[in-house]
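Two complexes come next, and they have one chain in common, chain A, joined by chain B in the first and chain C in the second.
Moving on to the complex of A and B:
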């Protein structure tokens, strides 16, 4: 297998192949980054809405609850197809990348929203009570008291999700979005061995996800340092 | 006019009634000792007054003005004027001692940071923790944490201070340092409602003692009345059991 790879390598490492792979990697990166960024923003909103105590917010709380529960349970591919056909039904010629981006945002928001909510409610009830008796509003309680204590609960699963999510964006290839997995298939179809085509893809996925995991660890150490371990 | 006038207060946890017709009249500068067996509803009275468990019936008047616990502005007013110190201290674990005391004046009440910090330093000196400003709650003993909690409550300049079994979570040798702090406050004329099992302390500082059982106010009177000459059998039983220990 190694001999085959070495033999194919000069033909594989052409300017156009590398450009193709770089563009595909960029698409994967863009889809993942878009999903994660929108996911964090919308996820915070969903988590916040679900924590509001007021009756006035009840319809929104129900919406946030249903949204989270539905999109966490529906497989990525099904959501992707639903978005694909929903956009098709509008009659507009929406680029496939947009369909992919909307899908990843829908799914990431639901997952990250639940991770954030779980982290916030894990902070002891007495911290919320103390803040309430001193007239902190809900946003002030979350910002000044709860979130700083919740990071250590939120960050590990959030970054675990981000890394998993980068891999899941491969499913966008099913509707024709040219991302890394799709690029692997194209190169394989061009006659390169599966070991070389998908081996390269594997390395690029690793190159994207490993720094992200390290960044997560760094943030965890910075934001979630336990006071017990201070020196 | 009474400082705090509670009439027919009821509170529920779901369907269960935990306070049943509580009447409590608190004059300015009064120190009320709330005593009674565990589960009698003493802490719940404090949680209801501060709005953590809004009353399901009854009236609470603060300086003659009724508090509407369904109205956020009314509850905010109560919490601006009444502060509570919890049994488990409830200090913000992510903040230093100084930040715990200054966070509400600065971030919530939008006071000048330098002024609030200077006042916090004075308060922390007063409770004997002037050398612990940069420490975090988990680096302090229980007694020290409770004194920070008292300083934090005092930084809000409350008219009434609610103290919920503030010594119950402390080792015996740490109890006196917290009681000394409360003694000073009582001497300064602060209106306080103290829930405690420290009977000797209640006898010493309380201007009036109220005995509760099963969510009801059974009896109230001077410390001498309640401890030496209780009128109700349940009070007698409780006092005799406590004093035997």
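Moving on to the complex of A and C:
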């Protein structure tokens, strides 16, 4: 296997192949970043809705609850297929990248929503009660009382989710979104050995994921330390 | 958008989806058990073994936790035949998932190994517990309580992860859904039913696991 790889390497390392791989890596990063940015925004709204106390919000509260539960319990691939065929059913010609982006956003919102809710809820009940006594509204409570304490709990798992999500987006290749895994398949179809094409894809994923994972660990340790220090 | 839902065409295929769900569960359980063996062994070596072995295990864990499972299985399925190792798609998926699970479970198990307390073991020794009794009555209940929630969480994640076996043509739940889709062309119907089955599957697993955790290990697991 090693001999074939060495033999193919000069043919593999051409400018256009490398450009293709770089673009694919950017697409992977863009897809996961988009998912996480939308995920943070929608996830925050979902978490907020689930914390509302009044009866008026009950239907919305149920919707937010069901949304998070459903999308966390359906595999990425199935959600992807559903989005793909749902877009097809609308009859509009939507680019595959958009289908991928919508899927990723749907899933990330559910997961990040749960992370944010967990973080907000972890702030001691007394703090919420104290804010209520001061006549704070729910947005004010979250903005001025809960979030300043909760973000340290939310950030490490949210970042961990982001790192994990980069790897999950590999499945978007299955509907033909041109990202890193798809690039590996293209290179393999171009005649390069599977060991070389998928091996290099594995290395690129590693090069993206490893520094981020290390940074996440660092973040976790630092925030844990500062939290420990203050109490 | 005037899509007419026709679930009627799907019902005859429901037994096949159930069969697929069983295959999914089978892959998840097999890979989880294999991964648990690898994870426990690796964590034990990392905690008690020689430096070099710990270092090699570190490489294994970092590599497998930082690359996508899908591409790992691609590599096993398409690159290994060049070396003369021909795997069936089921075997490739199973091996890939087991190795991947092994890496994640090493991390989880290591936390368990580290949570054991020397003072507890010393206390047990003073009370005249034999080594086996120490493990059975002191270490295991404690470690199981710490480990049960993350382990069951990992099992649920892996149950969902089995869906990528469909990419390689294994006829588990997603694979069956894809087959039925190409037979009936009722795409949205098939995949919503498959999604519903996944929800049921993971809910049943969550409830079962949290009950086991509560009664066997007194672990406080909420529904995952």
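Keep this in mind: the second predicted complex is superposed on the first by the 207 of 231 C-alpha atoms of A that agree within 3 Å, B and C clash if a C-alpha of one lies under 4 Å from a C-alpha of the other, contacts with A are read in each partner's own complex, and residues count from 1 in each chain.
In this section, a residue touches a chain if its C-beta (ideal position, glycine included) is under 8 Å from a C-beta of that chain, and two chains touch if they have at least 3 such contacts.
As the structure is a prediction and not an experimental result, all values here were calculated from the model.
> After superposition on the shared chain, which partner residues are touched by A:209: those of chain B (first), chain C (second), both, or neither?
Second partner only, chain C.
> Could you say whether A:130 touches chain B, chain C, both of them, or neither, answering first, second, both or neither?
A:130 sits against chain B, while chain C stays out of touch.
> Have a look and say if chain B or chain C is in touch with more residues of chain A.
Counting contacted residues of chain A, the larger count belongs to C.
> Check the residue A:1 against both partner chains and state whether it touches chain B (first), chain C (second), both, or neither.
In the superposition, A:1 contacts chain C only.
> Please work out whether A:75 is in contact with chain B alone, chain C alone, both, or neither, and reply first, second, both or neither.
second
> Touching A:174 in the superposition: chain B (first), chain C (second), both, neither?
A:174: touches chain C, not chain B.
> Just checking: does A:109 make contact with chain B only, chain C only, both, or neither of them? Give me first, second, both or neither.
Neither partner.
> A:144 in the overlay: touching chain B, chain C, both, or neither? Say first, second, both or neither.
A:144: touches chain B, not chain C.
> Share the list of chain A residues that count as touching for chain B in one structure and for chain C in the other.
In the superposed arrangement, which is not itself an observed complex, chain A uses no residue for both chain B and chain C.
> With touch defined as at the start, can you tell me which chain C residues reach chain A in the complex?
Spelled out, the residues of chain C in touch with chain A are 1, 3, 62-63, 65-72, 74-75, 78-79, 81-83, 160-164, 166-167, 174, 177-178, 181, 187-188, 191-192, 194-195, 198-199, 202-203.
> Using the touch definition up top, name the residues of chain B that touch chain A in the complex.
Residues 50-52, 76, 79-80, 83-84, 86, 88, 90-94, 103-104, 107-109, 136-139, 156 of chain B touch chain A in their complex.
> Give every residue of chain A touching chain C within the complex, in rising order.
1, 4, 69-70, 73-79, 81-82, 85-86, 88-91, 167-168, 170-171, 173-174, 181, 184-185, 188, 193-195, 198-199, 201-202, 205-206, 209-210, 213
> For chain A, which residues are in contact with chain B within the complex?
126-127, 129-136, 140, 144-145, 148-149, 227-228, 230
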